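Letters A, B, C, D and E name the chains as they come in the text, with residue numbers starting at 1 for each one.
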Amino acid sequence: TELEVTHWWTSGGEAAAVAEFAKAFNATGHTWKDGAIAGSGGVARPIIISRILGGDPMHATQLNHGRQAEELVEAGLMLDLTDVAEAEGWRDIVHPTSLLDSCTVDGKIYCVPVNIHSWQWMWLSHKAFADAGVDVPSNWDEFVAAAPALEAAGKIPLAMGQQPWQSSGAFGVLTVAIAGPDAWLEVNANKNAEVAAGPEYAKVFQAAAAARAMAANSNVQDWNQATNLVITGQAGGQIMGDWAQGEFQVAGQVAGVDYTCLPGLGVNEVISTGGDAFYFPKNDDPEITKAQKELASLMLSKEVQVAFNLKKGSLPVRGDIDLSAANDCMKKGLDILAKGNILPDGNQVLSADTTGQIEDLMVEFWNDPSITAEDAQARYAEIIASAD
Amino acid sequence: MGYTSENLAEIAIDTPQTLAEPSVRIKNLDLNFGSVKVLQNLNLDVGKGEFLVLLGSSGCGKSTLLNCIAGLLDVSGGQIFINGKNVTWSEPSERGIGMVFQSYALYPQMTVEGNLSFGLKNARIPKEEIAKRVARAAEILQIEPLLKRKPSALSGGQRQRVAIGRALVRDVDVFLFDEPLSNLDAKLRADLRVEIKRLHNQLDNTMIYVTHDQVEAMTLADRIAIMKGGKIQQLAAPGEIYNRPVNKYVAGFIGSPSMNFLQGNIQTGDTDVFLSGDVSIPLAGYAFDGLGRSPGKAWLGIRPEHILTGAEAEAAPFNTQAVIEIVEPMGSDTLVWTQLAGERIRIRMDGQSDVREGDTITIGFHAERVSLFDEATENRI
Amino acid sequence: MGYTSENLAEIAIDTPQTLAEPSVRIKNLDLNFGSVKVLQNLNLDVGKGEFLVLLGSSGCGKSTLLNCIAGLLDVSGGQIFINGKNVTWSEPSERGIGMVFQSYALYPQMTVEGNLSFGLKNARIPKEEIAKRVARAAEILQIEPLLKRKPSALSGGQRQRVAIGRALVRDVDVFLFDEPLSNLDAKLRADLRVEIKRLHNQLDNTMIYVTHDQVEAMTLADRIAIMKGGKIQQLAAPGEIYNRPVNKYVAGFIGSPSMNFLQGNIQTGDTDVFLSGDVSIPLAGYAFDGLGRSPGKAWLGIRPEHILTGAEAEAAPFNTQAVIEIVEPMGSDTLVWTQLAGERIRIRMDGQSDVREGDTITIGFHAERVSLFDEATENRI
Amino acid sequence: MAIAEIQGQSTEDVRPPVRLFRNLNAKIASIPMIMTAVFVFIGCTVWTIVHSFTKSRLLPKLDFVGLDQYERLWGTRRWLVSIENLAIYGICSLVLSLVIGFTLAALLDRKIRFENTFRTILLYPFALSFIVTGLVWQWILNPDFGIQSVVRGWGWESFTFDPLYNPDIVIFGILIAGIWQGSGFIMVVMLAGLRGIDEEIWKAARVDGIPTWKTYIFVVIPMMRPVFVTALVLITSGIVKVYDLVVAQTSGGPGIASEVPAKYVYDKMFQAQNLGQGFAASTMMLLSVVIILIPWAYLEFGGKKRG
Amino acid sequence: MADTTAQNGSEPWGPKPRKRFSRKNIMLYGTLLMVSIYYALPLYVMIVTSLKGMPEIRMGNVFGPPMEITFEPWVKAWAEACTGINCDGLSRGFWNSVRILVPSVILSIAVASVNGYALANWKFKGADVFFTILILGAFIPYQVMIYPIVILLRELGLYGGLWGLVLVHTIFGMPILTLLFRNYFTAMPEELFKAARVDGAGFWGIYFRIMLPMSLPIFVVAMILQVTGIWNDFLFGVIYTKPDLYPMTVQLNNIVNSVQGVKEYNVNMAATLLTGLVPLVIYFASGKLFVRGIAAGAVKG
């Protein structure tokens, strides 16, 4: 049976990772029909929704799991995978289990998590610090302290791209590091506006304001241009998810020698467990439904997980596999995962609308020094208060 | 030279006055563009084989009337009959008419042959028949050598002939011409005018011909309809219109240079006279319209070519002395401007006359040649 | 009626023949468009205050010549002087010329006043001066009430006057007109023609006027230049051109309806005669050009209006009988077609003549009124 | 002799045919247009307006919430900034496109050599998709490796040119690329219009001694009104929909300094999964377009008869 | 007659001498050259970048010519770049694009030209109202119409296929194209239309036999507009069709718009240039007709 699969993994590594899925699936006698669309959810979502509304959906599609897909599930448009999950004991093998929780609506499982990406990283350029004559910092506070030296040496202390998701992502990282996971959970999961307006968050906003000042001269748009500033030593560091690692690799840099990665900014070594998941729109054809379920189980199988995540550079969703081939930073992440210092990803707890509003605020805040930390916090608290 | 009303009547006699079954009959025609009433309650009968010219100044509704007859405009009221059939709502192609346009309107991408046969092909006429008709039209119009050319490779006159040919091949009863010659230069115009006349003699179709060129109207028409503001002012044979215009508008419109007018009073008595300033013109011999010879304010009109000079003037019932103000030699004629009763008037003299500005000459005319119009209604008296 | 060569000379006498200091002098002018030679070695002097008309069929180079004088086209060779100054390379605005175009070329979004004053404002002439000149021009042209209107709200004649006014306010020495009346209808054209003539009398400027309308040319011109294929065929006073055309082209071009031509032979002897078919026309009284009265093949031309009929014909040195083929009544005149020596010829008769197709009439003419042209060169003999 | 007498009423009285069937073919041929106008444009508009009163999120749903979406819309700073940007961008782009388009057309109209080459160069941006050309502009305008750095490299150390990175002028940075892409087409439209101007007007102006630039401004431009109208429709419809340009260059940044309404609509609908909000925003856009255009459209297309 | 004495050497004679480098010319060509630089600069950057290797691009001089010219990016963009698991570059979607382009261009122009013709020559009551609505439609941001049109297409049973997409292109091209055609046909001599009616040609007869052959220029203009628009369209192509039919721009987007991972700018540039080639070729091929056609379409407003 032929299954059409939509996803937005189109760059080199990503495509290679998808190819692993396809290879495994094709090996079962089915056919993987690739429908890759680059761009983030903004491009893919109207396509996916249109296909579903048009009554001619694809057979499987990548989506950020969590709140985003909820409505589709509620509208009864997605295939229920509970039987597969129970038969294969997903609850036991998926680690952290929170990943599966975000696939669950009313006790039923609707998606397959395939990997873990985490935002909680900071990347530091050894060259930049060497040029400035300071040691490479080992946590956020040291980094802040080293900033004037970097600036004096003509460096940009903190590289930042201009895309909205970068701004709000960096803020999220700062929150977890400075306010701590508990406060973060309280605000994001429980929508507690008081905490959001409280003193812990005030510190976060102060830190963000400081970061804003450090990033003031970072005149790049794309995240990888910002990463490039770090790679070339023009900037001291960058707050960016684990995917940044690929850039260092392509540039031939070695972790620990040319650059350093700090999970959780070196303050709170916690990583959020965002990631990707696949959904399976309902289909009338029982053949296809059968194939869809096969694909679902295949995606979680050990071999596919290993093959896929090694190519993708992300962490597997199963705790029971061995990734000895992983590099330095990845191993750090695995360690933290193993310790259970994990948080759900923002996408899993906040609706897309709220995320959008926070993005808007963050973008504004990062780019407009006239917005004080207090103002921003007040507006942030408002958004949290009205979030659903 | 004496002019009598008899020979005037003779000129008019050509006209087919027997309209037992008119070729085109227009009944109470109204046409509005939105709120603008262009034609109002217009009635017109055109006889079989008649050559009718619609003449009028720009914007008077000539083209509009023609378009209504052709079915290119939807009438707002009234009816149109062609050969006794009510065609008010028929398609243009079903009316049995052919039309020739001012701008030729040839299909630029087709050859002359294509242009001629387009209408026939549309009517699904067999090939041989088409070929025959095209050949005949080409022969009549002497455009055989041009059949394979495109319109852009033709001169103005040749294009016009093709345009006529397009109507010709369709074997229609009624030809409509909308200022077919006005884009051409004077010489060509004269030549084609003769050709159209010849064609009419040869073909016997009804022709309705719009122009604002008087010479065309006078030379071609069996009857002329003079239009103004969407109404027909006078419908009559050319001679009649020239000699006995029904109102001052028609009188001034027809004739070039146009008629001279004097304002004054008619005094009836033993001999009727027209008084204007210090001039008194005897009206003996003037053919009054009906009984309307009452005294009152009036206009007297006299054509420049009817004002006599020299010995002829001295022999005329009315004559006076006048000083020449301007002399316009025109080759075959000379136009002379002078004053009569305080009005500036024009006189057409022979082209070889030896007159100079400042000369004093004798001018005069016969009462039969003048026209009188009521001052208020401007209608002929 | 007798015609002598004396009074012909008199007609021509108006012309300022004294060209001591011509207003416009054109020397050896060449103009090529790429490889097309439009004007070739053209020489022309126009006197101060003269009204010169350039007449010729379409495409003969009239507009091109005018544009060269105006400086709107760069000449390919030769020189142009205006008031003695060599302006060959000057800008149009520096030449002291004003130009009036066929399409008026009014600035559509400006009022009449704006149109008149735009050029002056541009020349930084003081405000009061501008106002004065505009007022004067408006007065001369009688367009005072229109000053605040836009061109779109004017009639054709009014627009034309504004176009003239635009040249007028600039106080130029030379006016150039490029077919200024050809977009207008016949009546308006006649009126404006008179107005331009009046203006010329009043202003005393040199005027060069392009047209292909003969009536305009004849009535307006002090001298007419007949052009053909970029060359001047004849440059003379209107009477001269009408009566003594230098070649067959000019003869046929001037006059409407145009001259009748008979092909034949000149036989010299005791009395010179022209033989054509079975017709022999005595040439006694014909003013030969120079000594060229040798026998040989030739064309004889006679104007339709110079062919006499009836009693006058019988009195003429040459007369014969002819059968009328077509009668074209034109109101003031009647055109009659008949045959002479196997050629179809036209005769212009009085509009009131009582003739019918098929009638036999006597026609005749005086030898003074004919023109003879060599068959080979087509030049006047 | 007066008007010919009319006797003998004709017996047949042909009634005018039913209105609907007159011009039937034209009506049939216009069906696609009518369907598009009614079902697509009006239909979609109504659908959108109705849904703007709901709290549709990912999927369109009919849970009405009154004017909530509008209240939120007008309480959102990003929307306000977008509107302001659109106004600035719109006016500048309109004026500049017309001015540049016209000026270039006028230059090309001066009977120059290589006209074809110049025209193609000016037109080519129109052919290239903006996804990448936006990136190129981003580079060129980047202070660190674009024009600024080049000029500084030449020795002007104080030279500053960073339109895309300065929130105060970012919209003008976008304008630079917007003009680059769109003005070539406007230029071609204008050029064509110029070729339609009566040659004699030019001659008259030359005889009057009016300098060329003045002739353009006072005589030619006013005569080209219809061309400007066509250009106006082309430009404004482009302005209202401007989206790619911003996304490709700044994604609305820095901050929200270069946000535009179409992007707001798009982001709300597909990124934030708040269809209702996106619909409310687009309804507002539509409303303003309609307010500006209806009277004009009536004058331009409805009121005037063919002549 | 005037005597033509020998020409005085110093006097102006013959053609006015033209300075090749007059101030006016320098201004004119100078301005055009400057402007051309503004227009051509991005093209230059794109070409230069597409010929560089990634390491050279990382060094950051966007204006510098390539130190080492490589055609690798072009090859990659055309034949090797991956879209998901299919690594055959732009070549994959090329034929799809052509398949979409040809019927879309033909249908949209056919429909719009007939509309314009009906509006110009066969006015019926209410036509102007529909036309006004249509023109207003040109101003609706099309994101808004995505879902309703999905529903519409679903109801028509066209969703997901080529014809659905063709229909969408036809609908979105209609306002501007109809405006263009209407103005063009209005400017054509009305008498020609009347003559054809008298000759018995009907609505379609006149359209095909008279109007069509005379309006080739405006058809070329419309074609250029539509080819550019449809060829570069991404959103509709991807929303209203399935992967089998995805146009080339989907590959372009995939090459260019990958959010994560390495951005290969040189390949991006090469891909864009390759994609733009088809419209560019059409511009070059029809430059002259383009101008003439627009004149007639635009001049009458």
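Quick notes
By definition in this document, a residue touches a chain if its C-beta (ideal position, glycine included) is under 8 Å from a C-beta of that chain, and two chains touch if they have at least 3 such contacts.
Composition by chain, UniProt nomenclature: B, C = sn-glycerol-3-phosphate import ATP-binding protein UgpC; D = Lactose transport system permease protein LacF; E = L-arabinose transport system permease protein AraQ.
As the structure is a computational prediction, the values presented were derived from the model and not from experiment.
Graph distance from subunit A to subunit C, where chains that touch are one step apart, equals 2. Relative to the C-alpha centre of subunit B, the farthest chain centre belongs to A. Between the chains D-E lie more C-beta contact pairs than between any other two chains. Computed from the mean C-alpha positions, the centre of subunit A lies at a distance of 91 Å from the centre of subunit B. Subunit A and subunit D, compared by their mean Cα positions, are separated by 39 Å. Annotation: 54 Å between the Cα-based centres of subunit C and subunit E. Residue numbers of subunit C whose C-beta contacts span two or more other chains: none are found. Among all residues of subunit E, those that touch two or more other chains are 143, 147, 202, 253, 256-257. Residue positions of subunit D touching 2 or more other chains: 22, 142, 144, 266, 269-270. By the touch rule above, subunit A contacts subunit E in their complex via residues 4, 7-15, 18-19, 22, 32-40, 43, 46-47, 49-51, 53-56, 222, 224, 228, 231-232, 243, 246-247, 250-251.
Of all residues in subunit B, only 1, 3, 7, 10-11, 57-58, 185-187, 190, 194, 197, 212-215, 218-219, 238-239, 242, 253-258, 303, 305, 326, 328-332, 335, 348, 350-352, 354 touch subunit C in the complex they form. Remark: subunit E residues 28-29, 31-32, 35-36, 38-43, 45-46, 49, 60-63, 111, 114-115, 117-125, 127-145, 147-149, 152, 170-171, 174-176, 178-180, 183, 186, 190, 202-204, 228, 232, 234, 249, 252-253, 256-257, 265, 268-269, 271-273, 275-276, 279-280, 283-284, 287-288, 290-301 touch subunit D in the complex. Chain contact summary for the complex, subunit D toward subunit C: residues 198, 200-201, 203-204, 206-211, 214, 218-219, 222-223.
Within the complex formed with subunit A, the subunit D residues making contact are 57-59, 76-78, 138, 142-144, 162, 164-165, 167, 249-257, 266-274, 277.
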